[in-house]
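To start, the structure under review is shown below, and the notes come after it.
So that you can tell them apart, the chains are marked A, B, C, D, E, F, G and H in the order they are listed, and the count of residues begins at 1 in each.
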């Protein structure tokens, strides 16, 4: 509740338009719904600009279904469920929930609003074929949230000319998501070629001393290129979310 | 050299305006200057939108002075030197180099162009008093590069109302830099309150199992709030640089 | 054997009420029972105030059954078995052992004494839905040991108002167990809002650089809030046990 | 501001006792004082039961002095400054600040209220002579906050009878702080002997594979004894603070 | 495109043999083929001296098949696929692809050119029987690329005379690959006995504090013997590749 | 070949009893047998006092069988195979190999010489029931190699009197193997009670921040008790082997 | 107090030779002396066979002096002080304490009893010149405790023949201490050459990825040679102590 | 002693040219010199092709001087001393030792044989100005050992065209040493551009999560480019040594 809303409410109290007790209730009504196992937050759309996103990994099919149903009942749409299993997807479909499933990204969208325009320009670049599920998680997320996305996969630094031959695509992006496992050098190389923000996603692709993504994580955090920030290992969703935020920035009102 | 420039050069060759040998030279002239210990890159201003930044930490006074002098001779200004020691600053001043020094941030600006406007709105928020040098490195960087900066220091999560009482400042920022050591929770808490991008900077403030910033680094990478990306421990410069990039984004041309 | 008991025994010896050899035996009889694979400690109830707790994870069904049977034969009740598998539960039930099973908590209670009162006020707060099995392990443990428990789940810091709307519950608790994975910020935020002791439980919920709970463990150990102490990753039982100990503290006798 | 206070304020508004605008101000006045480098929180005494504690390690003498002066002007006393250097102590004394300094604990108390009673029974036990500064930080903290403290130093497990000969002291404590470096076994051994809560403090005493306290930290987190929770390496203050909280628990009001 | 090729092209432009627009195209045609999930690099054979190697581990059978088919269509042969599963091998065989499979090495060669000579002398030495799959990956790789390979397995340092009895084999090798898990001492011992380059491969063989190969990795990196360099844990392919490069070095042209 | 043997051989050469070429052969005949995948070392019995031990974990049934068969053909007996799977045991039995299998210890003995006396006194003490397989690996190893073994299981430090009640057994051992997971305090506590050497074995029993045995490993390495040395995590065999070596030490010949 | 002593005391009570109250006292008199900062344990000589050893590193000169003085007053001699600084040595000498100082080993012996024989045979072998202070700590410790010591320094595995040329010394030792930094391979190589117990001491000698001794520690723990156990990094004292224990083992009484 | 030499000796014995006892001595004379603190190995020149290299870091000036003097007395020259301090250099110079000192590389050469030719082509490439001391250690080492060296400094991947403009230098090298701190991407990028072996040297240049070189070490070990092997952090000497070995390879004798 913001300053203006409080002032309005206080005026109402003063004018007798509402009793102090009822006004108190207004202060107390939280835009929350408690399901026991989850506390849904219906104001996030207002506060953060996007609806609640459901992180599917540690939830049962029943829990996901319960959260989705309550959100739909409130009239929400375009609900993203990340890291959802095939089993949970089928569970939701059996309950006649309108759901679009991206199997490579392991990401589902409930009541996808496809009329929305995809604007601007987000580039998703990846080091190798094995990173594709992380790439698609980032790409689909940014698209669902309203960004136009270009994919540029398997352009790792061991064959640098693959990347260099795409300079135009690189330089016209408003924001780039650089996704790589192993030594994670892609973020630094791209960061040195462009002037837009780069979101780096280390992946757990690799073996031995990659230590499940630690090598690329550290490399990206230590990038000597300016403009690179990093999200968690394999966190395609997070990168897509941030890329969309930045891509859709409005110009400064002077 | 871009497509248009190559085409123009080829037309010149065709028309005899330039000989093939001289055209070859044009392809080969690199916009680089080699000092032996450093290879200065004068095209970065064009390519990345900002001039070369000098990372002062592992360089001698003589090396810094040499690089700066060459850049000035080429007519560059607004040159940022990060992590520069008091000793090196005095060395440069003795050589009559026009230099502005921010001692808390350990950051110097050579031929600071103060006529430039600081636009938009970057918020720098920090967890504790001990993080100030990192905060100032971020703040001065963003200011020099052209952003208007608001400082909100010592608002760590152990006294949450300090942060909550500043909701308006939080919600009007175009981008926020959240700087904290110890458990690094500030990034998640701010990330949950706002809808703009948050750049998180873990600091090495702490002791024992903070392991020189590892605890806050991991906490920030694992933030459950959307919109948070992370830079290296104590990397105030990097965060200020990215914040400026995002803050100064133009609106999408539809 | 305490000072008074030794003195009584020595008086008996002096008076000829017992021979020196028999007295020696008394010194030597340990309140232990050896099963080969386990050494049951029947005095712990006296010494520590609670009966032996059986850690089920690395034990076979036969071993658990053997230990339980011996304890029952000695007349013990309210025996807690933690991290017990479904298979072992069924094994015990087949042997007609009176057992109550909490499947989410993976915790069983043999001969649960339900007549006991649950007193005071322990609050179990969790960051997300995925932490529920740890929460329930803590909650059921504290309840069985005699504490009244309030559950407050899915109130992680990314949606801070979910937590802030529950301030009254927070401030009336005698002790709080804060359970969270990922960045583990919940402990610090709660620790800053209350004046009672907070037991923090990092969980292995997360992925990538959460490194199986390391990120939340380090964050909680580095909490800048006063009053927070930490137990092992996923150790719901330990937290519930300590919370009960603190909750049931008697007032100081001046 | 709690429910009752809001209701009273709203009644005032209704009765015209206060204008809506002034009521709004009441909602907004934060009990904070901003010094630029620090945001002092004067309500913590009410909210958490103790005054603000100043963590001295990363602050300059000037910063500490500024914070203390402002707190004194507000009438606060019994202010604890932890990890304060000899230099800062002398700086404060020159400014005629009434200060008591504990050099081993590196802890200062401004305007120490010595009339307060020290109640209950907190036991501080340590493994070796090298842990003394951490022990004293814990002991003095608990004493200043109102607890009666018993010290039992150099009773490490390599000479177990040193500890066993003190069983009575162990069993009469309301809460025990177990402080040890190296293998940190003291916490488990004490935890197995008593029924009260044990706060374990790993110290950085050791060498080689103690890795600056990591060995004792992990050992204490993995304690097989019930009732043990852990604070950060060398965090004597935190342990003393929690021990006092627990020691001063009131009995349950049934 | 090298200097000579550019000059030739420019002469053509001058002479009107090619239009500027077509010349531009020549600059732009990248020797790449994009399959969506992979960007094949057909110039690597020229640039690096060997054809593209396919890392099979994170690729589906369909992806591997697609890449191989495209390479074959371009006329390539002797294509190495590392870490390929039995399932993928069968998938390729069903499609009539001419493939030789080394099951211990989990390595396949498509259209193996067996007429090529194996020259020089690469020695593959291993510490134990459990390292064999890594050894064979190295050995087959070096053989396919054109090196003569000698195998010397199970000569770990715990039975030093096994190694010492093979001094002649050691001293006649042009390059040695030393493969060992556990404490990884084999690399140092061999490095001290010979004057040729030694490529050390730590393996994940071991248990407990070998931490999946970390112990042998660190040991090999810290080798006190001169001439030892290290590749990733279990990276038999990489070692075989480098060993072949070194083995086939030409003499210096003075 | 020792000094005396070389001298004898040289005398033979001098006397013409053997030709130089044949003498050379004698120098070269290594007491090794090469199976391709393994190099068996038949002199270890002489050199190290025990026959070759086969580490079964990373070997196939065929490899184990091949090594055993060759050893039997040479007339060896009392061959220990550690970490052998049930499958491999059955494979060996089908081939009529005389084998005794200890399923808890996962250890097999081929042609066990049961007529040998078990001498001296090795004590195997463990912290909990979950450590039994490591304990039995140590116990059976020491027994097969000729030591009398006493088992003292589940005497962890959380119930210290279980251990203290066994002081006589502790003080009469010639060497003690202390086996524990979690916080690994058992080694220090036992080390402080006895004057004989203690071999500490950390186990991977535990969860969360035990990090697969790291916590007990570090604790044992940092033991403040004198006389404690450590072997790898879960390395029961190694501890049993060393304990037997020490137990069977002869007295000093003055 | 052992069984026989208790029985004697009980007989005394029965016979009236001592009153129950006085007998109780006998049970309670602990052979300890408390100095406030230290609790000296005078029975360790009986219990563990050697007097108390003073770990000098974390103690002030005054603390060391206080402990030594009390021990001397009780008539103890041959007191070892490890890791004592030059400053503390001079402090003790000023107080006329009879002290022998080994500066390389940083070890002092108070009232060294030089009449004692040094028996048996302990071999101290080291990898490099930089390990000497650890070697000498081990060597002097073993000598003071009664062992004959042979030193074999700088025989690291990079020059294997240095070690192999000393086979006779190796095979006649009763116990060997193998000390090495960097890759720590010395322990495995020696372990494979001898049949006596080997105590391995990793040292912090090295740089980069030796990580202060971690590389050699892990290598030694993972030794594939039988008979090797490990102590803490740089723990020369511990190794010398254990080596002496083993060296002085008596033969088995059959 | 090789096969031929043994045969010759045996023939001598047969012919009575030498007595068996004297022949035995020949077998036993080790080409070693023992200085107490060091065991010099004069055969390494024969065995490994280069003289003994002295690692100066952990040695006193006296120790270095002693080793050098003995080597000179034996007639050796071109002796390399790495990581030698200014103090030790002056100590050696005072003793009239003919020494050339490279202060940036901290490397000294005793009796440098400058008449030797520097052959072939080793390229030393570095990421930044801060890596120079490691680069020079590598470069001088390779030069002293007989290689022609080209230096290419400050060509890190953040400004990729700096590297790409040097393609000719890259492709004409026989072996490349790639030296970089921070994210260590240089090795992968160079590895992808060339067909010769690349020796990667991670440096400790960086801060925060570079963890003293760990980030670049892991990145280089996980390089996706073929042909890259790695040495220890900051190990310029090792890289220069290996580069020279490879550079000076002779061609295969068919």
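Heads up, the rule we're going with is that a residue touches a chain if its C-beta (ideal position, glycine included) is under 8 Å from a C-beta of that chain, and two chains touch if they have at least 3 such contacts.
Only a predicted model underlies this, so the values are computations on that prediction, with no experimental measurement involved.
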*Which chains are shared contacts of chain F and chain H?*
E, G
*Contact-richer chain pair [A-H vs D-G]*: A-H
*Going through B-E, E-G or A-E one by one, find the pair whose contacts repeat those of F-H for over half of the pairs by residue number.*
B-E
*Indicate the whole-number Å distance between the mean C-alpha point of chain D and the mean C-alpha point of chain F.*
50
*Indicate the whole-number Å distance between the mean C-alpha point of chain B and the mean C-alpha point of chain F.*
59
*Taking each chain's centre as the mean position of its Cα atoms, how many Å separate chain A from chain D?*
40
*What parts of chain A, by residue number, touch at least two of the other chains?*
3, 28, 128, 159, 192-193, 208-210, 214, 217, 221-222, 226, 232-233
*All pairs of touching chains, please: list them by chain label.*
A-B, A-C, A-D, A-E, A-H, B-C, B-D, B-E, B-H, C-D, C-F, C-G, D-F, D-G, E-F, E-G, E-H, F-G, F-H, G-H
*asked:* Going by the contact rule set out above, which residues of chain A touch chain C in the complex?
replied: 28, 30, 32, 36-39, 41, 43-44, 55, 57-59, 63, 202, 204, 212-214, 217, 232-235
*Complex interface listing, chain A residues touching chain E*: 128-130, 132, 153-155, 159, 161-162, 165, 205, 207-210
_Parts of chain C lying in touch with chain D, wherever the complex brings them together_ = 3, 47-50, 53, 119-120, 167-168, 174, 193-197, 199, 217, 221-222, 226-233, 238-239, 241-242, 245-252, 254
*asked:* Per the contact definition, I'd like the list of chain C residues that touch chain G in the complex.
replied: 3, 6-7, 10-11, 13-14, 16, 19-21, 23-24, 27-28
*Flag every residue of chain G that touches chain E in the complex, lowest number first.*
127-128, 156-160, 164, 182-185, 187-189, 191-193, 206, 208-211, 214-216, 218-226
